[in-house]
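After this come two complexes, each holding chain A, first together with chain B and then together with chain C.
So, the complex of A and B:
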């Protein structure tokens, strides 16, 4: 349930970019001529396009959303009335709006499992094994499939007499269970789909981090007689700590903001509604765009808060192995 | 850090722009869109937004347009089929560019119609000529003309019901349930199919409001703290029937993975006994029967199993209403298209639907209804705007699947609660919302 690509890239690319700008400003002399002004402006000229895109497609919509959250707009009507903090008061005084966060616990538990599985395979496959690359490919493959397609595939998978039931019956277990039929098994099934989909991504992140550990360390450890577990415990685990904590942050925020899989597979029926599904329904089903915007703002704040707390608890100290 | 400062101020400027700008919508025009008396005078190119992507792709719409051009040679009609009609049109209506002719999306508040659509005529004159005209009447003007209407009841497989030994329409909910029971035990078919997963077929139950008491004002009566699920009310009878069907396990075993497209073939083949869908579905079911090599005549349609006096009632409700964009440059041509399409194109006959034109006869798909003297209750929709406001405020969604999905979950024990508690809760939510909206 984690969307790690963007964040992952950012952490990798931010550093060199910053270094370049500081270097440019340091070399700039104190007196200004037109040529030098242009030179100063150069980094900004390069930034115009990305900044324009960023502002148009990220900050303007967010600003709009925050503005809507203080109105009673229905999403269509040309009139909207300013209602002050009314929407926020509603969100915090209606307990049923927050009850859906319990569903997130299923996904949170699932992402714990997901990180453990990904970490295990990343560790195992970072050593020399037969068909290593094949297994890597197999594990990463689900992440490449479109989320909507996954929803449909698994809808057939969980169907009455569908793939899961037939596989179980080949193995002799005759089940007559409607997998998406009651809240507990439906949420577990959906969380399972989510694990299937996102393990590959975590796996690739971990694998990348593990492979950046210099090989001599293992050799030295082996000479000292360290077992595989000790190698993991004292070499691998500490060196991938930043990636691990990033994965956990993304897992938590991802679990709070689950949407695609349950929306496509059950539409939020049978107690599988998540906070985002509920927000979408408020906005597009009951035409309460104002209230839904407020809910979206609240979710954003909750995720920011959790990230901040987590950063406080696990500070991102520099990894230095050698 | 200078960078952060300038970035922040840029963002603030943008935010301020976003807040102050872009709240569109000009002054509503009060000029009535009328078709010119002389067809040769209507000119211009008009765009028609439609939800029937299938007809646009198959070329059926273009065929209608070329027929239309025989009468109005100077009007060019273009079609834009939108798959997610409601969603896309809703967003486009924030601009002025939403076609010349469009179907009024359900999410537009009725009182906002004058801001978006050109008036088509006065209520009295339109009501003389067309059915369903009060659905889009605001003030004393009408803003939309229905494409066609549908009668409501259950589509069922006649052969299968006969096989189970039932030939007459059930007249009480208990008889209906007994019938479903007989189908289940004698034929092994799924007696009733909820279409739970797709959701929208559950909404069809709501269209029957009015069939129980044969009251044309049934929906108008919901516009207030009326406890819609109180004992003996329309919704109580309708929803209790659905609840009992599921509770007695007369519906499909796993509702969470149903499939509408597949259900058509299953009903045609006699693997499903009945479904609650509007009469528009009859032609689709007959098609499915033909494709599956079965007899299309096996597809039957029956009214809600409730008698009023000694006969059944079936509500007639309007499909999408066609309207003229208030910003359209060619309102005359747009109106000419709507009039021609509603009255002369033969579209509603083709679809086996109830014609909008009052003088036109009922379609052949409803022959059973006409032969058995089913009373057609043409439901008044004058208070729909207010009913929708209450419904949205209460977050119940009479025209959304969610609350019936929960009803079904309660009936099959997937969620805690009892029917009575649920009705009490719904009544409470409705009445409270009605008070807050009414104030």
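So, the complex of A and C:
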């Protein structure tokens, strides 16, 4: 890659500007000199590798996935039969396949809590407080921890007679509850872990947005006698709106695509299987590549739809990149 | 606001008292949040220092008999194949981060500094790709990797991390816009070609962006579970995530060993965080908003 670029550029340099103009005037505008051709090729020399990777690992898989979703392929055998919309019909009609969508609701509710908590702490810590940096670090750190480690930490936390039970008994509430034992409390517990893990990210994003607000605004507001709540309502909230809307969209699509924590902690048992866990199991354990692809296409379409709706509702001019 | 102004003078003391009380509640909420963050981690640290009898019999919150009992760490490190895991993770980190930096900066350079007909199309391809969440396409991506014969090699995750990182392209694009084009032009007049400009001017000036990308990418790769789990099932190809995940089997209910393994994985992150705090915050604030 590097060598071809350099070699190409050397010839480019060998044709300096003066000679190129004479060549152009001699042969007319319709004929392109080699120097000009090289100049046109230059951006592509930089883009070859990125585009090749992008197409190979994003566009080819998406296209293949859509194709597999209409077949009964098992992922291994050379023959696959075209089955039309059969896989899609299965996803929406077999209740055990569709049920996983309801698990997302636990995570969706958890993300609501997560955003609220993050917003509160970001607001509070944008003012001057003792140990501000310590609290900032403590709140953000869980986001940086390895997911498998978090899974084990909380498996121990929720164990029968584990940390949570001990803490509750200290506070006088004797519980003998298998937290991961029934679907409702298992999903609540797992969603709680996701709040613990991801609040820090939202917190740092909100904090960054709040700190980019010019300080004079607060000073002016304070001189006018505005309370903290009024400052939040009229200065902070409007200026973090873009990042808030981004967080909400990430929360919705994230709730549909939960995988790591439930897979590590329960393996999807006791009704904690999520959409991605089910897809991975269908594809890699039961070799139902066709059905798994259809499930993945459904998830992809839902996420694209949500993104589209969000872009419609909150037009964000920052996204304009070209 | 007008009511507040009117009532300031008569009840200034009560306002100040209310402010104090509010402040105390704020600190209380911060302390509670810190406890919520620290308690699960502290318990795992305590458990990792207990002997197996202590871990089996004692209460989760009880203290270990000896604070210097590092046997579990030795067991986790050797029986859990953690050395291989750290080696594999380092290998993957090195190649995927270097690749991400080069690819991201080259793409950003080509898009920001050149005018060519398909520019909008290329930009659109990268933009649309951000909307496709990686987890949804793995069923088909798996077939692509398999087709290249890369399944169960360390190159599978390296290529996937390099090829799908659009966030870094955006970060580089934002930074490159801040570099004056007149610098490129001056170098061009001195006879530098596009590649020299990229290497001698753009790359050095992109240092802050490179730091951001290295941090964000480094944390993502170090912590990723999904890709190594799917693409590198062999025991000797474990990364720290998958090696730790395998603790579930052989160590079963030996929480003292599992805890030691978890602490071993968390400690490098903690050290990196303490040393790079400010850059990490900035990195995430920049990375996620783009």
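Assorted remarks:
One rule holds in what follows: the second predicted complex is superposed on the first by the 267 of 322 C-alpha atoms of A that agree within 3 Å, B and C clash if a C-alpha of one lies under 4 Å from a C-alpha of the other, contacts with A are read in each partner's own complex, and residues count from 1 in each chain.
Just so it is clear, a contact is a pair of C-beta atoms (placed from the backbone, for glycine too) under 8 Å apart; a residue touches a chain by one contact, two chains touch by 3 or more.
The structure presented is a predicted model; accordingly, all values stated were derived computationally and were not measured.
Contacts of A:99 after superposition on the shared chain: neither chain B nor chain C is touched.
In the superposition on chain A, A:60 makes contact with both chain B and chain C.
Of the two partner chains, neither chain B nor chain C is touched by A:233.
Touch criterion met: A:303 reaches chain C, while chain B stays clear of it. Set against each other, chain B and chain C differ in how many residues of chain A they touch, and the higher count belongs to C. Legend: residue contacts after superposition of the two complexes on their common chain; A:49 is shown touching chain C, with no touch to chain B. With both structures placed on the common chain, the touch criterion links A:186 to chain B but leaves chain C unconnected.
Applying the stated contact rule after C-alpha superposition, one finds that A:268 touches chain B and leaves chain C untouched. Chain A uses residues 55, 59-60, 64, 75, 159, 162, 284 to touch chain B in one structure and chain C in the other. Chain A contributes residues 55, 59-60, 63-64, 66-67, 74-80, 155, 158-160, 162, 178-183, 186, 266-271, 281-282, 284-288 to its touches with chain B in the complex.
Taken together, the chain A residues at the contact with chain C in this complex read 2, 5-6, 9-10, 12-13, 40, 42-47, 49-51, 53-62, 64-65, 68, 75, 117, 120-121, 124-125, 129-131, 133, 135-142, 144-149, 152-154, 156-157, 159, 161-163, 165-167, 170, 196, 201, 204-205, 207-209, 224-228, 230, 242-243, 246, 253, 257, 259-260, 264, 276, 279-280, 283-284, 289, 292-293, 296-297, 299-300, 303-304, 307, 318, 321-322.
Those residues of chain C that touch chain A in the complex are listed here as 1, 4-5, 8, 22, 26-27, 29-30, 33-34, 36-41, 43-44, 47, 59-61, 103-104, 106-107, 109-111, 114, 116, 119-120, 122-123, 125-127, 129, 131-133, 135-144, 159-160, 162-164, 169-170, 173, 191, 193-196, 198, 219, 222-223, 225-226, 230, 240-242, 244-245, 247, 255, 258-259, 261-262, 265-266, 269-270, 273, 277, 280-282, 284-285, 288-289. Every residue of chain B that touches chain A in the complex is listed here, in rising order: 10-11, 14-15, 17-19, 23-25, 87, 90, 93-94, 105, 107-109, 112, 115, 196-197, 199, 253-257, 392, 395, 397, 400-402, 405-406, 409, 412, 414-415.
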